[in-house]
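Could you have a look at this structure, given as C-alpha coordinates, before my questions?
Every chain is named by a letter (A, B and C) in the order it is written, and numbering of its residues begins at 1.
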Amino acid sequence: MENIGELEKQIAELKTQMAGFNATITENKLSMIVFSGDLDKALAAFIIGTGAVAMGMDVVMFFTFWGIPMLRASDKAAKNKDIMSKMFGWMLPKGASKLKLSNMNMGGAGTAMMKGLMKKKNVASLDQMIELAANLEVKIYVCEMSMNLMGFTREEMIDYPGLTYCGVAKFLEEAMNSKVQLFL
Amino acid sequence: MENIGELEKQIAELKTQMAGFNATITENKLSMIVFSGDLDKALAAFIIGTGAVAMGMDVVMFFTFWGIPMLRASDKAAKNKDIMSKMFGWMLPKGASKLKLSNMNMGGAGTAMMKGLMKKKNVASLDQMIELAANLEVKIYVCEMSMNLMGFTREEMIDYPGLTYCGVAKFLEEAMNSKVQLFL
Amino acid sequence: MENIGELEKQIAELKTQMAGFNATITENKLSMIVFSGDLDKALAAFIIGTGAVAMGMDVVMFFTFWGIPMLRASDKAAKNKDIMSKMFGWMLPKGASKLKLSNMNMGGAGTAMMKGLMKKKNVASLDQMIELAANLEVKIYVCEMSMNLMGFTREEMIDYPGLTYCGVAKFLEEAMNSKVQLFL
(Lines give C-alpha, C1' and ligand atoms only; values in the text may rest on other atoms or scores of the structure.)
Protein backbone atom coordinates (compact mmCIF):
# COMPACT_ATOMS: atom_id res chain seq x y z
CA MET A 1 0.00 0.00 0.00
CA GLU A 2 3.02 2.26 0.47
CA ASN A 3 3.73 1.70 -3.19
CA ILE A 4 0.33 2.93 -4.22
CA GLY A 5 0.67 6.10 -2.19
CA GLU A 6 3.96 6.78 -3.94
CA LEU A 7 2.43 6.21 -7.38
CA GLU A 8 -0.44 8.54 -6.55
CA LYS A 9 2.03 11.26 -5.68
CA GLN A 10 3.93 10.79 -8.92
CA ILE A 11 0.75 10.87 -10.98
CA ALA A 12 -0.37 14.07 -9.27
CA GLU A 13 2.98 15.62 -10.15
CA LEU A 14 2.66 14.60 -13.78
CA LYS A 15 -0.80 16.14 -13.89
CA THR A 16 0.48 19.45 -12.58
CA GLN A 17 3.23 19.52 -15.17
CA MET A 18 0.72 18.59 -17.84
CA ALA A 19 -1.50 21.52 -16.93
CA GLY A 20 1.51 23.78 -17.46
CA PHE A 21 1.99 22.35 -20.93
CA ASN A 22 -1.58 23.01 -21.84
CA ALA A 23 -0.86 26.73 -21.78
CA THR A 24 1.92 26.37 -24.32
CA ILE A 25 0.22 24.09 -26.82
CA THR A 26 0.00 25.40 -30.33
CA GLU A 27 -2.29 24.48 -33.15
CA ASN A 28 -1.11 23.34 -36.55
CA LYS A 29 -1.60 26.83 -37.87
CA LEU A 30 0.33 29.47 -39.79
CA SER A 31 -0.33 33.16 -39.12
CA MET A 32 0.98 35.80 -41.43
CA ILE A 33 0.93 39.59 -41.43
CA VAL A 34 0.82 40.97 -44.97
CA PHE A 35 2.09 44.52 -44.52
CA SER A 36 3.68 44.95 -47.93
CA GLY A 37 1.85 45.95 -51.08
CA ASP A 38 4.56 44.74 -53.45
CA LEU A 39 3.60 42.16 -56.06
CA ASP A 40 6.53 39.91 -55.24
CA LYS A 41 5.81 39.78 -51.50
CA ALA A 42 2.09 39.33 -52.15
CA LEU A 43 2.88 36.35 -54.37
CA ALA A 44 5.18 34.95 -51.71
CA ALA A 45 2.45 35.40 -49.10
CA PHE A 46 -0.11 33.44 -51.09
CA ILE A 47 2.35 30.77 -52.19
CA ILE A 48 3.26 30.21 -48.53
CA GLY A 49 -0.37 30.41 -47.40
CA THR A 50 -1.80 27.99 -49.94
CA GLY A 51 1.24 25.73 -49.58
CA ALA A 52 0.67 25.52 -45.84
CA VAL A 53 -2.95 24.46 -46.35
CA ALA A 54 -1.74 21.76 -48.70
CA MET A 55 0.36 20.49 -45.79
CA GLY A 56 -2.61 20.29 -43.49
CA MET A 57 -2.21 23.59 -41.68
CA ASP A 58 -4.84 26.21 -40.95
CA VAL A 59 -3.83 29.57 -42.36
CA VAL A 60 -4.65 33.11 -41.26
CA MET A 61 -3.51 36.12 -43.29
CA PHE A 62 -3.82 39.52 -41.63
CA PHE A 63 -3.67 42.39 -44.14
CA THR A 64 -2.54 45.76 -42.89
CA PHE A 65 -1.14 49.05 -44.24
CA TRP A 66 0.08 48.68 -47.85
CA GLY A 67 -1.25 45.15 -47.96
CA ILE A 68 -4.86 46.30 -47.89
CA PRO A 69 -5.19 47.83 -51.39
CA MET A 70 -4.66 44.44 -53.05
CA LEU A 71 -7.99 43.39 -51.55
CA ARG A 72 -9.89 46.18 -53.27
CA ALA A 73 -12.35 44.98 -55.90
CA SER A 74 -11.55 46.48 -59.29
CA ASP A 75 -15.23 46.92 -60.07
CA LYS A 76 -16.47 48.47 -56.86
CA ALA A 77 -16.40 52.04 -55.61
CA ALA A 78 -17.33 53.80 -52.41
CA LYS A 79 -19.41 56.94 -52.32
CA ASN A 80 -19.11 60.09 -50.24
CA LYS A 81 -15.41 59.87 -49.59
CA ASP A 82 -13.57 62.87 -48.23
CA ILE A 83 -10.69 64.31 -50.21
CA MET A 84 -7.97 62.47 -48.26
CA SER A 85 -9.65 59.11 -48.74
CA LYS A 86 -10.04 59.83 -52.43
CA MET A 87 -6.32 60.59 -52.71
CA PHE A 88 -5.36 57.29 -51.10
CA GLY A 89 -7.83 55.64 -53.43
CA TRP A 90 -6.19 57.14 -56.50
CA MET A 91 -2.61 56.61 -55.44
CA LEU A 92 -2.76 53.06 -54.17
CA PRO A 93 -3.33 50.02 -56.40
CA LYS A 94 -6.94 49.10 -57.04
CA GLY A 95 -6.79 45.34 -56.58
CA ALA A 96 -4.29 42.52 -56.91
CA SER A 97 -3.72 42.96 -60.64
CA LYS A 98 -2.32 46.45 -60.11
CA LEU A 99 0.55 45.62 -57.76
CA LYS A 100 4.14 46.28 -58.81
CA LEU A 101 7.43 44.54 -58.13
CA SER A 102 9.53 45.96 -55.29
CA ASN A 103 12.59 45.59 -57.45
CA MET A 104 13.21 45.82 -61.22
CA ASN A 105 9.82 47.46 -61.76
CA MET A 106 11.39 49.79 -64.34
CA GLY A 107 8.34 51.97 -64.81
CA GLY A 108 6.15 48.91 -65.12
CA ALA A 109 8.20 47.06 -67.76
CA GLY A 110 9.77 44.71 -65.23
CA THR A 111 6.43 43.93 -63.64
CA ALA A 112 4.90 43.20 -67.05
CA MET A 113 7.86 41.00 -67.91
CA MET A 114 7.48 39.04 -64.67
CA LYS A 115 3.77 38.55 -65.26
CA GLY A 116 4.49 37.33 -68.79
CA LEU A 117 7.07 34.90 -67.47
CA MET A 118 4.70 33.59 -64.81
CA LYS A 119 2.05 32.92 -67.43
CA LYS A 120 4.54 31.20 -69.73
CA LYS A 121 5.87 29.00 -66.92
CA ASN A 122 2.40 28.21 -65.62
CA VAL A 123 2.71 29.99 -62.31
CA ALA A 124 -0.68 31.19 -61.10
CA SER A 125 -1.31 34.95 -61.12
CA LEU A 126 -1.99 36.76 -57.86
CA ASP A 127 -5.71 36.94 -58.71
CA GLN A 128 -5.78 33.21 -59.28
CA MET A 129 -3.92 32.59 -56.04
CA ILE A 130 -6.44 34.61 -54.05
CA GLU A 131 -9.18 32.52 -55.62
CA LEU A 132 -7.29 29.35 -54.72
CA ALA A 133 -6.83 30.64 -51.16
CA ALA A 134 -10.59 31.14 -50.92
CA ASN A 135 -11.19 27.56 -52.08
CA LEU A 136 -8.67 26.28 -49.57
CA GLU A 137 -10.39 28.22 -46.78
CA VAL A 138 -7.43 30.43 -46.00
CA LYS A 139 -8.80 32.99 -43.55
CA ILE A 140 -8.36 36.63 -44.52
CA TYR A 141 -8.41 39.30 -41.81
CA VAL A 142 -8.33 42.99 -42.67
CA CYS A 143 -6.84 45.48 -40.19
CA GLU A 144 -9.70 47.84 -39.57
CA MET A 145 -7.54 50.60 -38.12
CA SER A 146 -5.32 50.97 -41.15
CA MET A 147 -8.28 50.55 -43.50
CA ASN A 148 -10.01 53.47 -41.78
CA LEU A 149 -6.81 55.51 -41.75
CA MET A 150 -6.48 55.20 -45.52
CA GLY A 151 -10.16 55.86 -45.97
CA PHE A 152 -11.06 52.52 -47.52
CA THR A 153 -14.47 51.04 -46.79
CA ARG A 154 -15.88 47.54 -46.61
CA GLU A 155 -18.01 48.06 -49.69
CA GLU A 156 -14.87 48.43 -51.82
CA MET A 157 -13.34 45.11 -50.87
CA ILE A 158 -13.38 41.85 -52.84
CA ASP A 159 -15.95 39.16 -52.17
CA TYR A 160 -14.02 36.61 -50.16
CA PRO A 161 -15.69 33.94 -48.06
CA GLY A 162 -15.48 34.79 -44.39
CA LEU A 163 -13.43 37.99 -44.87
CA THR A 164 -13.13 39.45 -41.37
CA TYR A 165 -12.51 43.04 -40.31
CA CYS A 166 -10.67 43.22 -37.02
CA GLY A 167 -7.83 44.63 -34.98
CA VAL A 168 -4.33 43.48 -34.15
CA ALA A 169 -5.57 41.79 -30.96
CA LYS A 170 -7.59 39.28 -32.96
CA PHE A 171 -4.54 38.52 -35.08
CA LEU A 172 -2.28 38.09 -32.05
CA GLU A 173 -4.76 35.66 -30.57
CA GLU A 174 -4.29 33.47 -33.65
CA ALA A 175 -0.53 34.02 -33.78
CA MET A 176 -0.11 32.98 -30.14
CA ASN A 177 -1.55 29.58 -30.91
CA SER A 178 0.22 29.10 -34.22
CA LYS A 179 3.25 27.01 -35.00
CA VAL A 180 4.51 29.46 -37.58
CA GLN A 181 4.28 33.27 -37.70
CA LEU A 182 5.61 35.50 -40.44
CA PHE A 183 5.66 39.22 -41.19
CA LEU A 184 5.80 40.09 -44.87
CA MET B 1 1.45 -6.56 -7.16
CA GLU B 2 2.11 -7.30 -10.82
CA ASN B 3 -0.27 -4.50 -11.58
CA ILE B 4 1.71 -2.03 -9.52
CA GLY B 5 4.97 -2.92 -11.24
CA GLU B 6 3.30 -2.28 -14.57
CA LEU B 7 1.96 1.08 -13.41
CA GLU B 8 5.41 2.09 -12.16
CA LYS B 9 6.85 1.35 -15.58
CA GLN B 10 4.20 3.43 -17.31
CA ILE B 11 4.73 6.35 -14.95
CA ALA B 12 8.48 6.25 -15.52
CA GLU B 13 7.85 6.36 -19.26
CA LEU B 14 5.57 9.36 -18.91
CA LYS B 15 8.21 11.14 -16.86
CA THR B 16 10.84 10.59 -19.55
CA GLN B 17 8.53 11.98 -22.20
CA MET B 18 7.74 14.91 -19.96
CA ALA B 19 11.41 15.77 -19.59
CA GLY B 20 11.60 15.93 -23.37
CA PHE B 21 8.70 18.39 -23.46
CA ASN B 22 10.38 20.65 -20.94
CA ALA B 23 12.94 21.57 -23.58
CA THR B 24 10.26 22.74 -25.97
CA ILE B 25 8.18 24.83 -23.62
CA THR B 26 7.72 28.44 -24.59
CA GLU B 27 6.76 31.46 -22.57
CA ASN B 28 3.84 33.70 -23.39
CA LYS B 29 6.18 36.11 -25.07
CA LEU B 30 6.55 37.95 -28.37
CA SER B 31 10.00 38.73 -29.74
CA MET B 32 10.45 41.13 -32.58
CA ILE B 33 13.41 42.32 -34.62
CA VAL B 34 12.97 45.91 -35.76
CA PHE B 35 15.38 46.17 -38.67
CA SER B 36 13.49 48.76 -40.70
CA GLY B 37 13.67 52.49 -40.16
CA ASP B 38 10.48 53.27 -42.07
CA LEU B 39 7.75 55.13 -40.21
CA ASP B 40 5.05 52.69 -41.30
CA LYS B 41 6.94 49.60 -40.12
CA ALA B 42 7.95 51.33 -36.88
CA LEU B 43 4.28 52.10 -36.22
CA ALA B 44 3.37 48.51 -36.99
CA ALA B 45 6.08 47.29 -34.62
CA PHE B 46 4.82 49.35 -31.70
CA ILE B 47 1.15 48.63 -32.42
CA ILE B 48 1.94 44.91 -32.38
CA GLY B 49 4.20 45.23 -29.34
CA THR B 50 1.83 47.24 -27.17
CA GLY B 51 -1.13 45.17 -28.39
CA ALA B 52 0.62 41.99 -27.30
CA VAL B 53 1.19 43.38 -23.80
CA ALA B 54 -2.51 44.21 -23.63
CA MET B 55 -3.13 40.51 -24.29
CA GLY B 56 -0.95 39.44 -21.40
CA MET B 57 2.24 38.72 -23.31
CA ASP B 58 5.77 39.79 -22.46
CA VAL B 59 7.31 41.71 -25.33
CA VAL B 60 10.91 42.12 -26.44
CA MET B 61 11.86 44.43 -29.30
CA PHE B 62 15.39 44.13 -30.68
CA PHE B 63 16.43 47.18 -32.71
CA THR B 64 19.11 46.71 -35.31
CA PHE B 65 20.46 48.45 -38.47
CA TRP B 66 18.01 51.10 -39.76
CA GLY B 67 15.81 50.55 -36.73
CA ILE B 68 18.33 52.11 -34.37
CA PRO B 69 18.13 55.80 -35.40
CA MET B 70 14.50 56.05 -34.22
CA LEU B 71 15.82 55.54 -30.69
CA ARG B 72 18.07 58.61 -30.89
CA ALA B 73 17.03 61.42 -28.57
CA SER B 74 16.34 64.59 -30.51
CA ASP B 75 17.98 66.73 -27.83
CA LYS B 76 21.16 64.77 -27.21
CA ALA B 77 24.45 64.75 -29.06
CA ALA B 78 27.66 62.79 -28.80
CA LYS B 79 31.08 64.40 -28.81
CA ASN B 80 34.33 63.42 -30.47
CA LYS B 81 32.80 61.48 -33.32
CA ASP B 82 34.93 60.55 -36.30
CA ILE B 83 33.88 61.74 -39.74
CA MET B 84 32.13 58.48 -40.70
CA SER B 85 30.04 58.46 -37.54
CA LYS B 86 29.14 62.10 -38.13
CA MET B 87 27.96 61.28 -41.65
CA PHE B 88 25.69 58.50 -40.41
CA GLY B 89 24.44 60.93 -37.79
CA TRP B 90 23.54 63.52 -40.40
CA MET B 91 22.01 61.17 -42.91
CA LEU B 92 19.87 59.03 -40.66
CA PRO B 93 16.76 60.26 -38.84
CA LYS B 94 17.36 61.79 -35.44
CA GLY B 95 14.57 60.19 -33.45
CA ALA B 96 11.12 58.74 -34.02
CA SER B 97 9.56 61.99 -35.21
CA LYS B 98 11.90 62.09 -38.22
CA LEU B 99 11.03 58.76 -39.82
CA LYS B 100 9.48 58.63 -43.30
CA LEU B 101 6.98 56.36 -44.95
CA SER B 102 8.41 53.54 -47.07
CA ASN B 103 5.82 54.29 -49.73
CA MET B 104 4.06 57.47 -50.87
CA ASN B 105 6.58 59.64 -49.02
CA MET B 106 6.56 62.11 -51.95
CA GLY B 107 9.38 64.27 -50.69
CA GLY B 108 7.85 64.35 -47.23
CA ALA B 109 4.34 65.40 -48.27
CA GLY B 110 2.94 61.89 -47.95
CA THR B 111 4.50 61.40 -44.54
CA ALA B 112 3.09 64.72 -43.32
CA MET B 113 -0.32 63.78 -44.72
CA MET B 114 -0.23 60.45 -42.88
CA LYS B 115 0.75 62.11 -39.62
CA GLY B 116 -2.08 64.62 -40.02
CA LEU B 117 -4.53 61.79 -40.65
CA MET B 118 -3.32 59.86 -37.63
CA LYS B 119 -3.84 62.89 -35.43
CA LYS B 120 -7.29 63.55 -36.86
CA LYS B 121 -8.34 59.92 -36.37
CA ASN B 122 -6.85 59.76 -32.87
CA VAL B 123 -4.13 57.24 -33.68
CA ALA B 124 -1.14 57.72 -31.36
CA SER B 125 2.04 59.10 -32.90
CA LEU B 126 5.21 57.02 -32.89
CA ASP B 127 6.62 59.11 -30.03
CA GLN B 128 3.49 58.50 -27.99
CA MET B 129 3.62 54.79 -28.77
CA ILE B 130 7.20 54.53 -27.51
CA GLU B 131 6.07 56.23 -24.30
CA LEU B 132 3.18 53.80 -24.02
CA ALA B 133 5.55 50.89 -24.62
CA ALA B 134 7.71 52.14 -21.75
CA ASN B 135 4.69 52.28 -19.46
CA LEU B 136 3.69 48.78 -20.51
CA GLU B 137 7.19 47.51 -19.77
CA VAL B 138 7.95 46.46 -23.32
CA LYS B 139 11.64 45.55 -23.26
CA ILE B 140 13.85 47.37 -25.75
CA TYR B 141 17.16 45.82 -26.78
CA VAL B 142 19.61 47.68 -28.99
CA CYS B 143 21.99 45.73 -31.23
CA GLU B 144 25.38 46.90 -30.07
CA MET B 145 27.21 45.72 -33.17
CA SER B 146 25.18 47.75 -35.64
CA MET B 147 25.11 50.72 -33.27
CA ASN B 148 28.90 50.71 -33.21
CA LEU B 149 29.09 50.18 -36.96
CA MET B 150 27.03 53.30 -37.59
CA GLY B 151 28.97 55.21 -34.97
CA PHE B 152 26.07 55.87 -32.61
CA THR B 153 26.77 55.94 -28.89
CA ARG B 154 24.75 55.21 -25.78
CA GLU B 155 24.73 58.86 -24.73
CA GLU B 156 22.67 59.75 -27.82
CA MET B 157 19.83 57.35 -27.12
CA ILE B 158 16.44 58.11 -25.57
CA ASP B 159 15.77 57.59 -21.90
CA TYR B 160 13.83 54.36 -21.82
CA PRO B 161 13.43 52.26 -18.69
CA GLY B 162 15.63 49.18 -18.84
CA LEU B 163 17.00 49.86 -22.33
CA THR B 164 19.56 47.12 -22.92
CA TYR B 165 22.56 47.06 -25.24
CA CYS B 166 23.33 43.56 -26.41
CA GLY B 167 24.08 41.20 -29.25
CA VAL B 168 22.02 38.89 -31.40
CA ALA B 169 22.67 35.98 -29.00
CA LYS B 170 20.72 37.69 -26.25
CA PHE B 171 17.83 38.26 -28.64
CA LEU B 172 17.85 34.67 -29.86
CA GLU B 173 17.71 33.46 -26.27
CA GLU B 174 14.43 35.37 -25.90
CA ALA B 175 13.13 34.34 -29.31
CA MET B 176 13.76 30.65 -28.60
CA ASN B 177 11.41 30.79 -25.66
CA SER B 178 8.78 32.95 -27.32
CA LYS B 179 5.47 31.95 -28.78
CA VAL B 180 5.68 34.54 -31.52
CA GLN B 181 8.68 35.90 -33.42
CA LEU B 182 8.61 38.55 -36.12
CA PHE B 183 11.15 40.35 -38.29
CA LEU B 184 10.14 43.81 -39.37
CA MET C 1 -7.54 -2.87 -5.61
CA GLU C 2 -10.00 -0.10 -6.20
CA ASN C 3 -7.08 2.28 -5.84
CA ILE C 4 -5.09 0.59 -8.55
CA GLY C 5 -7.99 0.72 -10.97
CA GLU C 6 -8.24 4.44 -10.34
CA LEU C 7 -4.50 4.92 -10.93
CA GLU C 8 -4.69 2.99 -14.18
CA LYS C 9 -7.43 5.30 -15.39
CA GLN C 10 -5.41 8.37 -14.52
CA ILE C 11 -2.30 7.05 -16.26
CA ALA C 12 -4.29 6.26 -19.38
CA GLU C 13 -5.60 9.81 -19.37
CA LEU C 14 -2.10 11.24 -19.06
CA LYS C 15 -0.97 9.08 -21.97
CA THR C 16 -3.76 10.42 -24.18
CA GLN C 17 -2.82 13.98 -23.34
CA MET C 18 0.80 13.18 -24.00
CA ALA C 19 0.00 11.87 -27.44
CA GLY C 20 -1.65 15.17 -28.16
CA PHE C 21 1.48 17.03 -27.09
CA ASN C 22 3.62 14.97 -29.40
CA ALA C 23 2.00 16.70 -32.34
CA THR C 24 3.03 20.11 -31.09
CA ILE C 25 6.63 19.42 -30.19
CA THR C 26 9.20 21.58 -31.86
CA GLU C 27 12.87 21.07 -32.43
CA ASN C 28 15.55 23.50 -31.33
CA LYS C 29 15.66 24.92 -34.83
CA LEU C 30 15.46 28.29 -36.57
CA SER C 31 13.93 28.52 -40.05
CA MET C 32 14.34 31.62 -42.11
CA ILE C 33 13.04 32.76 -45.49
CA VAL C 34 15.53 35.02 -47.24
CA PHE C 35 13.36 36.85 -49.76
CA SER C 36 15.31 40.09 -49.89
CA GLY C 37 18.36 40.71 -52.03
CA ASP C 38 19.56 43.74 -50.07
CA LEU C 39 23.03 43.62 -48.57
CA ASP C 40 21.84 44.78 -45.15
CA LYS C 41 19.13 42.12 -44.87
CA ALA C 42 21.47 39.44 -46.20
CA LEU C 43 23.99 40.36 -43.51
CA ALA C 44 21.25 40.26 -40.88
CA ALA C 45 20.15 36.85 -42.14
CA PHE C 46 23.61 35.33 -41.83
CA ILE C 47 24.36 37.03 -38.50
CA ILE C 48 21.13 35.56 -37.12
CA GLY C 49 21.74 32.19 -38.76
CA THR C 50 25.31 31.72 -37.60
CA GLY C 51 24.46 33.20 -34.18
CA ALA C 52 21.70 30.64 -33.75
CA VAL C 53 24.09 27.76 -34.50
CA ALA C 54 26.45 29.17 -31.87
CA MET C 55 23.55 28.83 -29.43
CA GLY C 56 23.03 25.20 -30.26
CA MET C 57 20.20 25.53 -32.77
CA ASP C 58 19.85 23.88 -36.15
CA VAL C 59 19.39 26.48 -38.85
CA VAL C 60 17.62 26.32 -42.22
CA MET C 61 17.74 29.25 -44.64
CA PHE C 62 15.32 29.14 -47.57
CA PHE C 63 16.34 31.51 -50.38
CA THR C 64 13.62 32.74 -52.69
CA PHE C 65 12.97 35.58 -55.17
CA TRP C 66 15.55 38.40 -54.80
CA GLY C 67 17.44 36.33 -52.25
CA ILE C 68 18.60 33.84 -54.88
CA PRO C 69 21.10 35.97 -56.85
CA MET C 70 23.42 36.25 -53.84
CA LEU C 71 24.01 32.51 -54.17
CA ARG C 72 25.32 32.83 -57.73
CA ALA C 73 28.98 32.00 -58.10
CA SER C 74 30.90 34.94 -59.53
CA ASP C 75 33.03 32.65 -61.67
CA LYS C 76 30.39 30.38 -63.15
CA ALA C 77 28.09 30.87 -66.12
CA ALA C 78 25.25 28.91 -67.65
CA LYS C 79 24.99 28.20 -71.34
CA ASN C 80 22.06 28.28 -73.71
CA LYS C 81 19.95 30.72 -71.79
CA ASP C 82 16.96 32.33 -73.44
CA ILE C 83 16.82 36.10 -73.70
CA MET C 84 14.64 36.58 -70.61
CA SER C 85 16.95 34.51 -68.44
CA LYS C 86 19.93 36.46 -69.77
CA MET C 87 18.23 39.72 -68.83
CA PHE C 88 17.64 38.58 -65.26
CA GLY C 89 21.23 37.44 -65.18
CA TRP C 90 22.49 40.86 -66.23
CA MET C 91 20.23 42.89 -64.03
CA LEU C 92 20.50 41.00 -60.78
CA PRO C 93 23.64 40.84 -58.64
CA LYS C 94 26.10 38.09 -59.50
CA GLY C 95 26.95 36.82 -56.05
CA ALA C 96 27.10 38.06 -52.48
CA SER C 97 29.79 40.68 -53.13
CA LYS C 98 27.50 42.54 -55.53
CA LEU C 99 24.58 43.26 -53.20
CA LYS C 100 23.63 46.82 -52.34
CA LEU C 101 22.23 48.47 -49.24
CA SER C 102 18.46 48.98 -49.18
CA ASN C 103 19.01 52.45 -47.80
CA MET C 104 21.76 55.07 -48.25
CA ASN C 105 23.15 53.21 -51.26
CA MET C 106 23.78 56.56 -52.98
CA GLY C 107 24.78 55.14 -56.32
CA GLY C 108 27.06 52.64 -54.64
CA ALA C 109 28.96 55.11 -52.45
CA GLY C 110 26.99 54.24 -49.32
CA THR C 111 27.44 50.53 -49.90
CA ALA C 112 31.18 50.97 -50.39
CA MET C 113 31.34 53.09 -47.24
CA MET C 114 29.53 50.42 -45.24
CA LYS C 115 31.84 47.69 -46.53
CA GLY C 116 34.85 49.80 -45.60
CA LEU C 117 33.47 50.35 -42.13
CA MET C 118 32.77 46.65 -41.65
CA LYS C 119 36.33 45.82 -42.60
CA LYS C 120 37.73 48.48 -40.29
CA LYS C 121 35.59 47.30 -37.38
CA ASN C 122 36.35 43.64 -38.03
CA VAL C 123 32.82 42.63 -39.02
CA ALA C 124 32.92 39.68 -41.42
CA SER C 125 31.90 40.36 -45.04
CA LEU C 126 28.89 38.59 -46.51
CA ASP C 127 31.16 36.22 -48.44
CA GLN C 128 32.97 35.32 -45.23
CA MET C 129 29.69 34.82 -43.42
CA ILE C 130 28.46 32.39 -46.07
CA GLU C 131 31.70 30.46 -45.64
CA LEU C 132 31.22 30.47 -41.88
CA ALA C 133 27.63 29.28 -42.32
CA ALA C 134 28.93 26.38 -44.41
CA ASN C 135 31.40 25.44 -41.67
CA LEU C 136 28.65 25.64 -39.07
CA GLU C 137 26.43 23.39 -41.18
CA VAL C 138 23.69 25.94 -41.70
CA LYS C 139 21.40 24.32 -44.26
CA ILE C 140 20.71 26.31 -47.41
CA TYR C 141 17.59 25.60 -49.43
CA VAL C 142 16.97 27.26 -52.78
CA CYS C 143 13.41 27.83 -53.97
CA GLU C 144 13.34 25.99 -57.25
CA MET C 145 10.22 27.74 -58.54
CA SER C 146 11.61 31.24 -58.31
CA MET C 147 15.00 30.09 -59.55
CA ASN C 148 13.34 28.69 -62.66
CA LEU C 149 11.18 31.78 -63.05
CA MET C 150 14.25 34.02 -63.16
CA GLY C 151 16.03 31.60 -65.43
CA PHE C 152 18.86 30.72 -63.08
CA THR C 153 20.29 27.20 -63.18
CA ARG C 154 21.98 24.94 -60.70
CA GLU C 155 25.30 25.13 -62.54
CA GLU C 156 25.53 28.85 -61.74
CA MET C 157 25.22 28.52 -57.99
CA ILE C 158 28.00 28.54 -55.39
CA ASP C 159 29.51 25.36 -54.06
CA TYR C 160 27.90 24.98 -50.67
CA PRO C 161 27.84 21.71 -48.76
CA GLY C 162 24.41 20.13 -48.93
CA LEU C 163 22.79 22.96 -50.92
CA THR C 164 19.26 21.73 -51.61
CA TYR C 165 16.86 22.73 -54.36
CA CYS C 166 13.28 22.42 -53.24
CA GLY C 167 9.83 23.94 -52.97
CA VAL C 168 7.99 25.84 -50.30
CA ALA C 169 6.50 22.62 -48.91
CA LYS C 170 9.92 21.39 -47.86
CA PHE C 171 10.58 24.68 -46.11
CA LEU C 172 7.23 24.65 -44.33
CA GLU C 173 7.96 21.16 -43.07
CA GLU C 174 11.05 22.54 -41.34
CA ALA C 175 9.31 25.72 -40.17
CA MET C 176 6.49 23.73 -38.57
CA ASN C 177 8.95 21.99 -36.32
CA SER C 178 11.05 25.03 -35.56
CA LYS C 179 11.09 27.19 -32.45
CA VAL C 180 11.79 30.33 -34.43
CA GLN C 181 10.68 31.39 -37.91
CA LEU C 182 11.57 34.61 -39.65
CA PHE C 183 10.88 36.19 -43.04
CA LEU C 184 13.54 38.57 -44.24
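Basically, a contact is a pair of C-beta atoms (placed from the backbone, for glycine too) under 8 Å apart; a residue touches a chain by one contact, two chains touch by 3 or more.
Computed from a prediction, not measured in an experiment: that's the story for all the values here.
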| item | value |
| --- | --- |
| Shortest contact path, subunit A to subunit C, counted in steps | 1 |
| Cα-superposition angle relating the copies subunit C and subunit B, to nearest 5° | 120 |
| Interface numbering overlap (same over half, different under half) for subunit A and subunit B | different |
| Distance from the mean Cα position of subunit B to that of subunit A, given in whole angstrom | 22 |
| Shared-contact residues (touching 2 or more other chains) in subunit A | 4, 7, 11, 14, 18, 21, 26, 181-183 |
| Residues on subunit B engaged by subunit C in the complex (per definition of touch) | 3-4, 7, 10-11, 14, 17-18, 20-21, 23-24, 26, 33, 35, 37, 64-66, 84, 87, 91-92, 145, 148-149, 167-169, 172-173, 175-176, 178, 181-183 |
| Subunit A-facing residues of subunit B, complex | 4, 7-8, 11, 14-15, 18, 21, 25-26, 28, 30, 40-41, 44, 47-48, 51-52, 54-55, 57, 102-104, 113-114, 117-118, 121, 123, 179-184 |
